[in-house]
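To keep things simple, chains are lettered A, B and C as they appear, and every chain counts its residues starting from 1.
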Amino acid sequence: MTELNLDPSLGTPELGSGEATKAADAPSSAWRLFWSKFSRNRFAVIGLIVLGFFILVALFARLIAPHDPTYIDYMFANLPAGSEGHLLGTDELGRDIFSRLVYSSQTSLMVGFSVAVAAVCIGSILGAISGYFGGIIDTIFMRIIDVMYSLPTLFINILVLAIFGSKFVYMILILSLTSWMGVARLVRGVFLQLREMQYVEAAKAIGVSNWGIIFRHLLRNASFPIIVNATLMVGGAILAESALSFLGLGIQAPMTSWGIMLSNAQEFMLVDPMQAVYPGLCILIVVLAVNFIGDGIRDAMDPRHKVMISRRRLDKWREEYYKSEI
Amino acid sequence: MAGRILQIRDLTTGFVTEKGIVKATDKVSLQLEKGQTLCLVGESGSGKSVTALSIMRLIDYAGGMVLEGSIEFHGKDLAQIGQDELRKIRGDKIAMIFQDPMSALNPVFTIGDQIAESLRLHRGLSDSAAWKEAVELLRLVGIPDPALRAKQYSHELSGGMCQRVVIAIALACRPDLLIADEPTTALDVTVQAQILDLLRNLKDELGMSIILITHDMGVAAEMADRIAVMYAGVIVEEGTVQEIFNNPSHPYTVGLLQSIPGLDGDRGKELFTIQGSIPGLGQIPTGCRFHPRCPHAMDICRSQEPSDYWITQDHRAACWLFEDNKVNKSNQRKVKGGV
Amino acid sequence: MTEYLVRRLLQSVLVLFLITLVAFGLIHAAPGGPTQIMLSPGLSPEALKVQAHNLGLDQPLHIQYIRWLGDMLKGDLGYTFKNNLPVGDILWPTVGNTLVLMAVAWLLSLIIAIPWGIYNSTSAYGISDQVASFVSYVGFAMPAFWFGILLQELFALKLNLLPLSDMWTMGEEGNIGNLILHLLMPVTVLSLGFLASYVKYSRSSMLEVLDQDYIRTARAKGVPERKVVFRHALRNALIPIITVLGLDLPILVGGATLTERVFNWPGMGRLFIEMALAREYSVLMAITIVTAVMVIIGNLVADILYAIVDPRVQLGRKGGRAA
């Protein structure tokens, strides 16, 4: 379709390139392209597998954990790893560490995903309002976002949980209330784009539902950035939960979390230093997995996909090229 | 003739991609005489910018490389020497100006500083002497109030002004060869004409040679002594400006010329277009690269790549239509031995 | 430039005002907030009323807020509920201690991260680059306090090389060598966090700049590659890095909180946690304000640097800084 593009006002032809026509219109092919790029990213795939593993562990915690994680037995306190019946030993109250690790994955994943979902909802709504109305409302919202970014989030979290009490719901709420800004900016950006576009006017005239257009446009233009943002939020929330629980302000007994386990472990690190290793390692691995996935999605979506080629491979190709020419 | 300043033979360049090396130009041969202007014409993606970047070996920094061929400049093969040696030639003997003048200037340095840098590097001038010379250069490229302008930043200047500054940077060391990559594309029509005038005047004044890259046949007609038409990484036709315009031979050149509005006087008529689009890197068709779009395509075009055939002594086209040309036969030896 | 800074300053004051409003609102919205806590238990209802009146607690909230704000501006941070100590006496020493820890960690990470990031941008995907990428990933995903605990277990308990916690050994206060020993582990923990992001930012910022047309112009001029990187690219690459440094300040303060807690560092963050658990609202408010002021000063410094590095800012063409 592309031919020599003519602009008579210049009096000379403008030569167009063929690239412009190749817009990825079909969603299925876009998905396939995305997946083929994503699945070639080794780290992202490993991240996906690891996250899947932890999700399974969380879902089937009751089947996997050999003991009740809250069962206290002072007779068997602080057993070392490898003790009979206790794979990783017991903590200062005689609770089975392995079982606690398994059940903690429920807490972490629940916090991570709830915060991400809630923050995406809050961010989408506020971003949509801001971008849809524009003007003064937009300015105010953007100021608020600036302020939110300049708040020491951890302080706010501590403050709120200290004042209102450490309830699970409060923690989710305050964590999502302090992490919606990225999504809001993305959604706002899409709305601003829409405002600029005249075809919305045209579509309105034909009678297509306004929200239908907006939603479709939003899905097409912002869904992947939002997913990337949300993925990173999952990791952030898991870390924040562990920090708050470590400080005694997050998850409360009888619920268990890696953060609480670490806080106990620090008290008893003279007795059993290994107790501090497992929960931290779990946090590290889950958050790494989530971040790998997020980065994988972002890289797969990046149109300026950067090619990773080592000098050595480059030289090899050059050699191969010369050989093939001869 | 005053002597050959540049001789490119069989220049093949490639880019590194995920799938390996993809050729961007294939066996491009060109020559340029002192004081002349050569226009490289073609669509975007035809390899003309890559050719220009290869002469400077700036292609090395853009993920590409010169795979084979030679670029002889003042008797030195630029394809073979190292970046350290090239650095002494770049900006001194060969200079380049680019398409988008606004982004070609560093936003955090004054324009005077950016011109003076070249002089300090290659001429070893002191800061104050370089600055004084920079102001002179701004005057030379027609910037009013140059002493004041030198202290300004690129964002304080218009696009046309910026391009004059870029030209001033390029001319700082009075290069023998100036490569201009679409120098007017990003500019307004009136400014375009001014910049072209400026380039032409400076060329005569300083006695340099120019390689001008453009997609615009109108610009080529105005500026060129010789024209080389590129398509999909190869030169399909090359000759003097008169030959190309009076006797276009390659079907692609013919198409290009027919699609210029108003050249043959019937403005109302629907303009001619070449069907299809230029193939992307790595999707080069077999045989003649133009055959899928060519109205004269023959069987041989689909299977074998044509070599250069001579239309006249001074005019070649890579097209099977001219295989039996008489001039060609008399030039047989010349073809085999390169251009 | 002056106009730009004045505008920035005004915005900062507005932000500060909003923060005090939020903090004040939060605390007074609390169930069992200051009203209950401040009043002495076991008093008769009449006595309670008198006490409430004396403390100004019977006034409408906005009057209370204005009074409180006025006291703050005068530098009067109030008194603790429990022992009636002046908040300033508790707070100011911890601010200094936190600044020592943060400044050392932050400068150290900058000194390492920026040159490292620059180097990695010029040899992307090399070994050094992959190590940096590994460090960033781990630094982002690792709970800082866990890293701290591991260091304690290894260097203090197992190898007995470094002091487990605190800022000074008892009786050695003021001995710089002793301070340095105590700083080593917390600084390592904090620096890793900063390093993780700065090495990544400086690398990507440099890569972005090295891809720009004006870098090609510089090379076409024959500028040596070293000068291309350090003269032409670096100054442009610094612009987004400065932005990130400014934006990161709140995270910096937050990160120090956990580290202080793990290493029992007598800083503002540790104080904040203790006071939060003890519900000492006047101290919490004071810390919130002091932190906000620190963040805002940091942002202002970033703005000034910004205006110095980027000539476009001086004309006020750049509306806001892109985050």
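Heads up, the rule we're going with is that a residue touches a chain if its C-beta (ideal position, glycine included) is under 8 Å from a C-beta of that chain, and two chains touch if they have at least 3 such contacts.
Here's who's who by UniProt: B = Peptide ABC transporter ATP-binding protein; C = Oligopeptide transport system permease protein AppB.
All values reported here derive from a predicted model rather than from experimental measurement.
Visitor: When contacts are scored as defined above, which chain pair ends up with more C-beta pairs, B-C or A-C?
Guide: Most C-beta pairs in contact, of the two: A-C.
Visitor: Central chain, going by Cα centroids?
Guide: That would be A.
Visitor: Report the inter-centroid distance (CA atoms only) between chain A and chain B in whole Å.
Guide: Their C-alpha centroids are separated by 48 Å.
Visitor: So what's the Cα centroid distance for chain B and chain C, whole Å?
Guide: Taking the average C-alpha coordinate of chain B and of chain C, the gap between them is 53 Å.
Visitor: How many angstrom lie between the CA centroids of chain A and chain C, rounded to a whole number?
Guide: About 24 Å, centre to centre.
Visitor: Indicate the residues of chain A shared as contacts by at least two other chains.
Guide: If we look for residues of chain A contacting two or more partner chains, we find 309.
Visitor: Mark out which residues of chain B touch at least two other chains, giving numbers and ranges.
Guide: None at all.
Visitor: Of all residues in chain A, which touch chain C in the complex?
Guide: Interface residues on the chain A side: 142-143, 146-147, 149-155, 158-165, 185, 235, 239, 242-243, 246-249, 259, 262, 265-266, 269-270, 273, 276-277, 279-280, 283-284, 287-288, 291-292, 308-311.
Visitor: For chain C, which residues are in contact with chain B within the complex?
Guide: On the chain C side, the touching residues are 212-214, 216-225, 232, 235-236, 309-312, 315, 317.
Visitor: In the complex of these two chains, what residues of chain C are touching chain A?
Guide: For chain C paired with chain A, touching residues are 14-15, 18-19, 23, 26-27, 29-31, 33, 125-126, 137-138, 140-143, 145-147, 149-150, 152-153, 157-158, 247, 249-251, 253-255, 257-258, 261-262, 272-273, 276-277, 279, 284, 287-288, 291-292, 295-296, 299, 320, 323.
Visitor: Mind pulling up the chain B residues that touch chain C in the complex?
Guide: 56, 58, 61-62, 83, 87-92, 95-96, 98, 100, 103-109, 114, 117-118, 121-122, 153, 155-156, 166, 169-170
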